[in-house]
Amino acid sequence: MSAWEKLAALPRELVLTLVLIAMIIPTLHPLGLPIMTGQMAQDWYDTVDALPEGSVILFDIGYGSGGYPSLGPANIAVFHQFFEKDLKVVIMATALEGSMMYPLVMEGVKPESNYGAVYGEDYVFLGYIAGEQTAMAGVLGDLPALVSTDYTGIPIAQISILQDVAGADDFDIVAYLTTAGGTSEGWVYQAYSAYDKDVLGGFLSMMTTSMKPYYDTGQLLGLIDGVKGAADMEFLTRHPGDAIQSSDVLSFTQTLVIILILIGNISYFGAKASRKEET
Amino acid sequence: MVSSDPAIWIAAFFTIAATSYAFRDNIVFKFAENTFIGIAAGHAIVMGVKNIRDYGWAHIMNGEMIYAVVFVLGIMLYFRFSREYYWVYRYPIAFLVGNGVGISIRAGIHSDFIKNIAATASPIIAATPLDTVNNILIFVGCVTALSHFIFTYEGIHKGTIGWIPKVGRWMMLLSFGASFGNTVMTRFGMYQGRVLFLLRDWLGVV
Amino acid sequence: MAIFTEGRIVPLIAFVLAWVATYLAIQIGKEGKIRIRRLPGLDAIEEVVGRAVETGRPIFDIPGRGSFTDLYATQTIAGLSVLSYVATLCARLGAKLYVPMSRVDVLPVAIEIVRDAYRAEGKLDELDVETQIPYLSGTQFAWASGVIGMASRMKPAANIMIGPFWAESMMFAETFHRVGAMQVGGTARMYQIPFFAALCDYVLIGEEMFAAGAYVSGDPNQIGSIASQDWYKIVAIILSVLGMLLATANITVISDLLKL
Amino acid sequence: MDYKRDIPLVITFIVGVIAVMDYYTTFSAVKETFTIIKNWGVVLQAFALGLGAANLFRVHGKRISDRKTSEWYFSAWLLFMLIVFVVVGLGTGQFEASSQYKWIYNAIFLPLGATMYSSLAFYMAIGAYKILRARNIDSFLLFATAILVILGNTPIFPATFPAFFYTREWIFTAIVGGAYRGIRIGIGIGAVVIGIKTLIGMETGYLGRR
């Protein structure tokens, strides 16, 4: 093995330890670097900001524990904006673990103490509804025909926010955060295409590229690009949280990745050049 | 202050156990993995039963007896595991597939096909030179990428116009690079949540 | 009251025509009048199987981790069509084939496909199903580490992975690259293509894998649906180009039409 | 007519066509029927949620009774955890809203779910530098945008040179926006054609073995 090749064969344990260090240092000593907000998150913020007070929003929790580190902070940030604007929020979950995410998010938002919001009047949680796109079409098509209680079993007749909500026509906007491919396209199909609703979507960063055509064609009015979009939303809503803290860590870990990629390429071309010299 | 909450300690154990696989396969990871699979399936059952009660049984209690049919169909699903009566399972699955396919393709042709063509078939000259350049690139990227996926007209990939699908391939590779970059961010951004949990909630050093 | 929903006339026409086109294309396909472009990756497979025989190294074919009942069933089927082709080549030329499996419902089908290929070449006695088509595990990472272990031990000459892949795509691409295998990767799961594109010698992007599957299987049903999609793509290109030109000249006839 | 195969195909066709008609036409009878179909779909999907567990019982039950390897301890543990979670969920009558259920979820399920997927970050670190090499024109193109996007995604670089941020935004606007639109059109039409073939019974993989 030439010296060049040795350079590329860094021991696995060394790389992993470096990554861990790059994660721990900025967590202990945050840098507080400035956030440059992307246009996609800005559009989400502006769309919600332009809604009149009392508008009804349908929100879907389409992620579970796997997506929580990225989308949980985003969810908390967008809820801050909803409640600050006095919007009425009807929350549902198309993800199996969505109803476990709901209490975690609400613990971060505290709508009662922070905004004086009242459960049942200002927001309601319908719980997990199976069937992905079928559930979306069901809620948008005829909500009372499908749902009879909220997630704790209170009949919808006793929930004041749902008295005027029978289906798609009564929602002013639909918003969702998801890690699932079927859900990400599903809301565009079921809310935008089928009912011409305004739609906002948030995804893992790795899904952003394939969802971007919907944003470019106006089928999604705003888009949250994973942990980066979450940091943007925390910044825009002035509620800094875990995502902005993650940004500092990204600075360290991704710089490490760039250095490793450069080492990999230098060793590759070095080995190639030295082989040429030999022959 | 290190947490004194047993739930946090258990969570910390499972966080470390699940991470340990990155270093090497080990018995603690296997334990964590089997716990995960079991508990995930348990959660699915609990949510399933709740949904059956809320969206099925509630209708029957309201006197809509036609919903009894879906209970029969639901039980028929479990014939999947029978060698002899496997065909019974096909009835409910046929219902699910028909509904699932119908509900997605009816709108797909609008959202994926027509809306995207309409957006491409728009003026290329924009207010600023940069936007015009961007419009040209978007147009070229869309049309050439599409041409790359034409398989039954070999002429497109050869001769004088053979460069068109080739450009499409290059544009796609450039886009996949962007996708790669964002995937890197997804993974690191996600694990950061766990580091934060360990240092803040468990060890209390942040 | 109108019968049809407002603003959905063009989608409806496009939808009905897709129905007709699919039917027509399959009929034409049955008459054998449609030819699918041969993809470079397929030629490479033939070459590398020959080379594997000379060097005595095995060939790996991984049809992914999808099943027949999930969303990715069509990708699994395309992967199995290619498996049939690879198995035939391996049987004919005498290269040792390994197909590590992860789905219980796909396993028997894969075994049957490989067996058929060996039988057709009269080499059934050279096939050892238990070791060559092993069921490693149903869980993602257990299966993935099993495959990686096999690859590191056997140092295959080639790895053909066509089908639905998840996070394991990066691990596979990297491992097989390290042991010096020529790789043909293909998936329609878009998130995973970057990893294949970076390390595989040939990559089948999205629909290319369906075309490859249709090409090697010669199934008129598959060929027909490729052809009908081609017609739609050509229409899309024509509408885009014409529409862009007209719209730039301030004639909005095509964009108006698409709004109907 | 073969009741084992043909009736399911007819069911798929009828249900699918009603879904399509609900979208394109304004007949109220269709709308009402489809509301029932949707509601049934939700319940049926809920029933299907137990299939995974049933399969686990089958596979791991066999492993426990065979006791061929030491793996059977794990199988027993897996089924034990499954049963415990179900008993806690159903026993309280409050399902996922009960505090005991939330406790188990937050202590065990949440950390495992969050870590299992995100620990891929370590593979990313090990893999990325071996994968991302400008070996030929294809991998060079991939390499070029990947590096630029990673630089734009790493807050420390845009904070020093804002150009990194704008480059990343531009790549997403002009490059990703175009190529992925082409890909999206292709995926869309592919899904429609396969969907139509499924509805008319030319794609029958979902029916399973004969």
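First chain written, first letter: the chains are A, B, C and D, and each begins at residue 1.
In the analysis below, contacts are C-beta pairs under 8 Å (C-beta built on N, C-alpha and C of every residue); 3 or more make two chains touch, one makes a residue touch a chain.
Predicted, not measured: the structure shown is a model, and the values here were computed from it.
Leaving out subunit B, the touch network of the other chains stays one piece.
More C-beta pairs touch across one of B-D and C-D than the other; that pair is B-D. Taking the mean Cα position of each chain as its centre, C sits at the greatest distance from subunit B.
Mean C-alpha positions place subunit B and subunit D at a centre distance of 4 Å.
Centre-to-centre spacing of subunit B and subunit C amounts to 19 Å, using the average Cα coordinate of each chain.
Subunit A and subunit D have Cα centroids lying 16 Å from one another. Contact with two or more other chains is made by residues 12, 16, 67-69, 96-97, 99-100, 128-130, 134, 137, 146, 194, 205-206, 208-210, 213, 216-217, 228, 250, 253-254, 257 of subunit A.
Annotation for subunit C: residues touching 2 or more other chains are 8, 11, 15, 18, 69, 190-191, 194-195, 197-198, 206-207, 232-233, 236.
Shared interface positions of subunit D, defined as residues touching 2 or more other chains, are 20, 23-24, 38-39, 41-46, 48-49, 96, 105-106, 109-114, 116-118, 120-124, 126, 128, 130, 132-133, 138, 142-143, 146-147, 150, 153, 172, 176-177, 180-181, 183-187, 189, 192, 196, 206, 208-209. For subunit A in complex with subunit B, the touching residues are 12-13, 16, 23-24, 27-28, 67-70, 72, 96-97, 99-100, 127-130, 133-134, 137, 146-149, 185-186, 188-190, 192-194, 204-206, 208-210, 213-214, 216-219, 225-228, 242-243, 245-246, 249-250, 253-254, 257. Across the interface of their complex, subunit A is touched by residues 22-23, 43-44, 47-48, 50-51, 54-55, 58-59, 62, 99-100, 103-104, 106-108, 110-111, 115-116, 118-119, 138, 175, 178-179, 182-186, 188-196, 199-200, 205-206 of subunit B. On the subunit B side of its complex with subunit D, the touching residues are 6-8, 10-12, 14-15, 18-19, 21-22, 30-52, 55-56, 59, 66-67, 69-71, 73-75, 77-78, 80-81, 86-87, 89-109, 111-113, 116-117, 119-120, 133-134, 137-146, 148-149, 168-185, 187-188, 190-191, 193-194, 197. Interface residues of subunit B facing subunit C in the complex, by the touch rule stated above, are 21, 25, 33, 37, 93, 105-106, 109-110, 113-114, 117-118, 120-125, 139, 142-143, 146-154, 157, 169, 172-173, 176-177, 179-180, 183. If you check the complex, the residues on subunit D that touch subunit B are 3-5, 7-9, 11-20, 22-24, 36-56, 58, 74-75, 77-86, 89-90, 95-96, 101, 103-124, 128, 132, 137-138, 141-150, 152-153, 170-189, 191-192, 195-196, 198-199, 206-209.
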